[in-house]
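Every chain is named by a letter (A, B, C and D) in the order it is written, and numbering of its residues begins at 1.
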Amino acid sequence: MTDFLDNWGLILITFLPLVGALVMMVVPKEAEDTHKALAIVASGAALVITILLLANFDYDDAGTLQFLVDKEWIPLINSGFILGLDGISLPLVAMTALVVPLVAIYSWNHIPEPGNPKAFMALILILETGMIGSFVAQDLILFFVFFEVVLLPMYFMIGVWGGPERKYASIKFFLYTLFGSALMIVAFLSLYFLSAEQTFDMRVLTELGGLDIARTTQILIFGGMFMGFGIKVPMFPFHTWLPDAHTQAPTQGSVILAAVLLKLGTYGFVRIALPFLPEGAQWWAPIIGVLAVIGIIYGALGCLAQSDMKRLIAFSSVAHMGFVMLGIATLTDFGINAAMFGMVAHGLITGMLFFIAGSIKDRYHTLEIKRLGGLLISAPRLGWILGFSSMASLGLPGLAGFWGEFPAILSAYQPAPMLNEALFRTLMVIAALGTVLAAGYLLWLYQRTAFGTPSEEFADDPEITDVSTIEWISWAPMLVLIVVLGFLPSLIFDVTNPAATVVVAAATGS
Amino acid sequence: MWFLTHTWILPALMALSFVLILLFGKRLPRKGSEIGVVAVAICFALSLVTAGSWWNHINSDHSESEHAAGETLGTGSAVAAEHLEEPDPAAFDDVQDGCSRVVDEGAVGEHTEEAGHSEGSDEEHSLALTPGENASGTAPPAAGASQAEEGEGHATTKPVVRCAQWFPMGLEGSTTITVGTMVDGQSVFMLFVVSIISLLVHIYSTDYVNGDRRYTHYFAFLSLFTASMLFFVLSQSTIQMIVGWELVGVCSFALIGHWWEEKPNSDAALKAFLTNRVGDMGLLIGMTVLYFAADRSFSILDINIMAAEGEISHGLLLLASCCLIAAVMSKSGQFILHTWLPDAMAGPTPVSALIHAATMVVAGIYLVARLYPVFFEGLSIAGSSVNLLAVVGATTAMFGAFLAFVQKDVKKVLAYSTVSQLGFMVTALGVGAWTAAMFHLFTHAMFKACLFLGAGSMSHACHHSFNMVDDYGGLRKIMPRTFWTFIIATGALAGIFPLSGFWSKDEILAGTGSFVGAEGANGTYHVMLAMLVIGAFGTAAYMTRAIWYCFFGEYRGHGEPHESGPRITIPLIVLASLGAVVGFLNLPKEIGPISFPESLHTQFEQFVEPVGRYFPEISHASFNIPLALFSLAVAGLGVLLPYLYYWKGGLAPLRNLSERNALARVGKTVLVNKYYFDWLYTDVITGFVKGPLARAANWFNAHVLDAIVNGVGKGAVLTGRFVYDNIDQEVVDGAVNAAGTTASETGGVLRHLQSGRIQQYAALFFAATALLAGVFVVAAG
Amino acid sequence: MIGTLALLAQQATEHSFDTPVNVVFYIVAAFMVFAAIRVVTTDNIVHAALWLIMVLAGVGLNFLLLQAEFVAITQVLVYLGAIVVLFLFGIMLTRAPLGRADDLDNNMKPIAAVVGVLLTAVIAFAVIRTFGDDRLTFEAYSGPMAEAGNNRTTALANEIFGPQLIPFEVLSVLLTAALIGAIVLARRD
Amino acid sequence: MLLNQFLLLAAILFSIGVYGVIVRRNGVLVLMSIELILNSVNINLIAFSTYHGLGGQVFALFVIAVAAAEVGVGLAIVLLIYRNRRSVDVDALDELKG
């Protein structure tokens, strides 16, 4: 069993969803329930194997890659089919493997217009393959391939099942990320040609740690990666695709986008950019830090000005990812750990918020904040869940969000030795101000949607029902995890810490 | 001892109660309130037992040493120096390994049997990490000797600390964040206060909110509120304090906004939460500073020891204490961040009682008291005459009392009274009268809870109105029990001898060290004394005014008011009796010629005040009869003037003063508008952030960033279309087509290049020229 | 005015008078660029013609600054006097919309803008690179002017009817041909 | 005065003219844009003539004359087109399409 997992575990979780999608291809389009069931089964199987992997993971050795798969792939350019799991990948893989089945379950009776579950569910499964693949790939080319695989299904998801402005949003999303990818691949290639050993193997590149690459070159290459990953995160000022994409995407798309897709960018920073190009990272760190903090404040202010609930949540993503990036920019163990935690917490919490927004939209057919109100009366449980998620999102201690924010703020007090302490301390104070604003916009949202009495328009609307069974099933795991992670942060920190120290050591050259 | 090492049961029990009420409350016969009441009753019992254990703990460990904590400690710095040089080796016997780095590395005595024993079955300890080794044997055995010398024998408090690893951080877990309990007199006494007030509030609430829309949720959150506060009180690490602190905040949010259907209530809840968030900024930053200042440790014990022993630079301590003062200002309703507190009256009255007496607002005071070395050293409290903490506190004490004068709502009077009394406590902490602050917290909890619950009782009778000016009056005869308890509590608040408030307030006033003949204080805070006396006068006066409106005169409301039921009056009676007598717990050693026997005086101080490396060397002001008489006279005057004004109709020149005198009018307007702070915060700051600033950010997003993106996008699309139309469709496609159709059509390719539109040619021509020229120019250069 | 400007320009060869001339130049140049942009962007044909007048006048001023007063006068006479009038006739004869019209431009604006910017950039690059800080000295004028008794117009005439005679004759033939051609084309049969 | 300031001005005018030629649909406006181009050339010619003798000025005069001829013929053509098609839209003139 262990042997089997060692050799096949990662391949299975990566490609099982794809197999599921292929099977769906041969099932006729009319068998809608079969498609949904297939999708749940395929992603569920991946989840089960992920859980087995988690059970067999050696947590004491979380800093090294486990379940390694190392096959020859494109020998011509020294690119191998290398998959591996370590403390940085693990939480993200686990979260992806969890979120996708939940989304599939949620889709059981929430297929957005214009229907066609076959295509819709297939796209979700392909997405899962791309996302998990990106997180476990240990070869730059392989990573890039998976990274791009994610792009197309999401494009179609927004473009076909999205809201009224879907075309604009989907093209914007597509072009933006593609632009980033282009610079990223250039960075990868130059890394390949300039590094001491011409290889795409991440293990080797980490070990080399930018050896033989001149400082200026490192800065340039890092710049390319910065664009590629920064757009995905998204960092200010490359974030403008996000509100549009989120607002227009169907609920499932938003959830996956918020929960997993954004993490590809931050993951890229931690996994690739920092350890491969230490000097580049040190040069860029203050810039990243400043942009991250601008993002925090700017995202929060943006939230305050929104009238659409989904758009507000989308802007809050900008702010939250700002904390993640601030943590990364400090190049400290606390910072990287906070970033890793922040990624998972943001995935769960914002994913949850988008679920709720989707369900509110299903009931009210609008997300305009000023038309909502009295949710706690019309649908009390939904209102409670919204309140709970808002509290988690504003970083309430005892819930998951806090452990992404506070350590990030803490780490900025004392960044890595080569960074400017005064700058980062200023950033710390401003970031702390961001937590106030976060409380402001989330509570303000909550007050206007949930408190008060329902407007006449929706007072006796029979469509406004409380949380349905399907919704409970798909939400409960996330809600439980938000609490559990809030009280037992060690569940994640235990795993990420060994790996984060490796990254920090590589990035600061200590 | 078992109770001291297992105090985690208390918050856990309340948290469990919260979950149970939430899950099953609605199905139970009494809608879940029984779970809450039972849980909190058990908590109360446990806290009593814990207090007993602690009493035994400090007495058994030091039975041979005398509790001469009083003035002996303040006699000179030589004692302190000696004390620092030779720490008591047994001082941290009861600190579990891994909970405090300083203790682990430094002078650690033998591992006590209890500690080893207690690491038995409970899961908390199974997680425990035991890094660091017992450096046993390094401790000099000379401490005992030094105790014997001169009969000083300052007893060292042995805090009982238990912890478990929360999560590791850094290289091989170089920093371990722990969660656990730190039990000493301070936390034990808070356990008692929180649980007794909470218990009475629970009992009271079963009647008061009976039949409420969200009865079950109400009790669930009461439980969570209590749990959070207990969690906070027992914190072993600062990060745990942050968690408890914020949880308290969110519970108060939920309870203040309990009736969220009405917008003012949810506004008040939001205001409370957001104001606290502003202060939390300070908390987060302050704790961060302390973490790094204490050489990467979150342990309260570490921070305190290092701060007290001067291992942290003064600048850092000052910075940290200023940041933390911001947090205290918001949480404890100190002046300029106090505005949320009166608004928080929107919640149900028992909640107000809980917030004001035992939980929310007390958290700030407790925070300062807990990290007292940081403040004591950082603000240089000893020997100084002014510092931020004292200024904030004294200002609040004075201005809060003024505000209470113009309120019509009895709850708001009490709210401002709390603001003012919290100011007393903060001042006490600021001038170094730590014990006085704790003692005042204790007595204040009793009588203020009584006052709030009494106000609730009146409103219960008078159709849920709190407007004492318009709807109350003459309740003295109708509600005798409420009346008498209210009177006793008012007397205590005003500081009338011999009620509890007199003793605690007098201790604070003496602690300023400013009054003639004052002895033993830490510094000489003249300004503070003056402001506090004004505050004390105000307190007596506005409470007398409130009593007039509530209980005397004619009934001005409508309907038939009636005395409340036993579930409401019994808590009142309990609290009023406590409020009357608890003052005797901390009798001074001697009042003039009368000196009390050892088993009577300063019992509270011995119980609560830590002595040892983790607490600064503070001294205690001795009882000063002239000061006591003076403060009594001030309070008496405060009662007398309103008495003349309201009861006797005297003081005619003061009547309608604000209509005749411009200065008085301005003063009243300012007071009615609460010094315009609400306006400043709501309209100016919040309005600016939510309005222009947020809109500007959004505009920037839509019109600058997005416009750039769209422009680039459109340019790209147009270029794309151009390329597609002219090159792809014509050239490439054309090439494919031409090659596919016939090879004989020579020039077919060229033919397709010609779209016939001259301007496209022109564009291509110029573009090509420019490019070529560019190439040449660059190449040639 | 022309004389003053010419005088000013003449003085400008000396350092002390550099600044005022430059001020004049930059004001004129900025205005010309603005006017030229309006010519190609305005959506009113008649306005375009009027803006064109401005540009052409500006060019004339530039000629003056360059001490070519004869060309400047010719510019004003021929362009402003004849060509623009011709344009206005053309506008009227083709019944072009005299007010605002939305369809004056095709959809190639961005491309054209890119091409334009590109051209400017390339030319500017080349020019700056080649000529750097070369100052105008007008020394090439001094020889012919001395020959013509210090009269620049005479010198110009000497040039035209001396070395450039044959091109001049060819030009006159061209003009005649163009005249005839225009008549032939525009004549109503 | 620098030589470059004239040359740069000419370059800008030239580019604007090119923009107009590409963008304008009305024949008359295209001709106007061409005038801009020609004028920018004239500035160049005269600027350089300060270095190379009066030949530059002579050629500027020639250009002015040719421009006049060109406008005359051009407008005649536009007129003719208008007469035949009742439109001077240059876009519609794709007779050259192969």
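Simple rule for what comes next: a contact is a pair of C-beta atoms (placed from the backbone, for glycine too) under 8 Å apart; a residue touches a chain by one contact, two chains touch by 3 or more.
Keep in mind that this is a model prediction, so the values were computed, not measured.
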Geometric centre: closest chain by C-alpha means: A
Euclidean distance of C-alpha centroids - subunit B vs subunit D, Å: 79
Between subunit B and subunit A, distance of the C-alpha-averaged centres to the nearest whole Å: 35
Subunit A and subunit D, separation of their C-alpha mean positions in angstrom: 57
Shared-contact residues (touching 2 or more other chains) in subunit D: 18, 22-24, 90-91
Multi-chain contact sites of subunit C, meaning residues that touch two or more partners: 106, 108, 111-112, 115, 119, 123
Subunit B, residues touching no fewer than two other chains: 759, 763, 766
Contacting chain pairs - touch in the sense defined above: A-B, B-C, B-D, C-D
Subunit B contact footprint on subunit A (complex, rising order): 171-172, 175-176, 237, 239-241, 243, 298, 301-306, 333-334, 337, 374, 376-377, 391, 396-398, 402, 406-407, 409-410, 413-414, 428-429, 432-433, 435-437, 439-440, 443-444, 447, 450-453, 489-490, 493-494, 497, 501, 505
Touching residues on subunit D, where the partner in the complex is subunit B: 18, 21-24, 30, 90-91, 93-98
Subunit B residues within the subunit C interface of the complex: 714-715, 718-719, 722, 759-760, 763, 766-767, 769-771, 773-774, 777-778, 781
Subunit D partner contacts - residues on subunit C that touch it in the complex: 12, 18, 21-22, 25-26, 29, 32-33, 36-37, 39-40, 45, 48-49, 52, 55-56, 59, 62-63, 65-68, 70-71, 74-75, 78-79, 82-83, 86-87, 89-91, 93-96, 103-106, 108-109, 111-113, 115-117, 119-120, 123-124, 127-128, 131-141, 143-144, 155-156, 159-160, 163-164, 167-168, 171, 174-175, 178-179, 181-183, 185-186, 188
Interface residues, subunit B side, partner subunit A - complex: 165-173, 239, 242-247, 250, 253, 257, 260-263, 266-267, 270, 273-274, 277-278, 280-281, 284-285, 288-289, 291-292, 686, 689-690, 693-698, 701, 705-706, 709, 713, 716
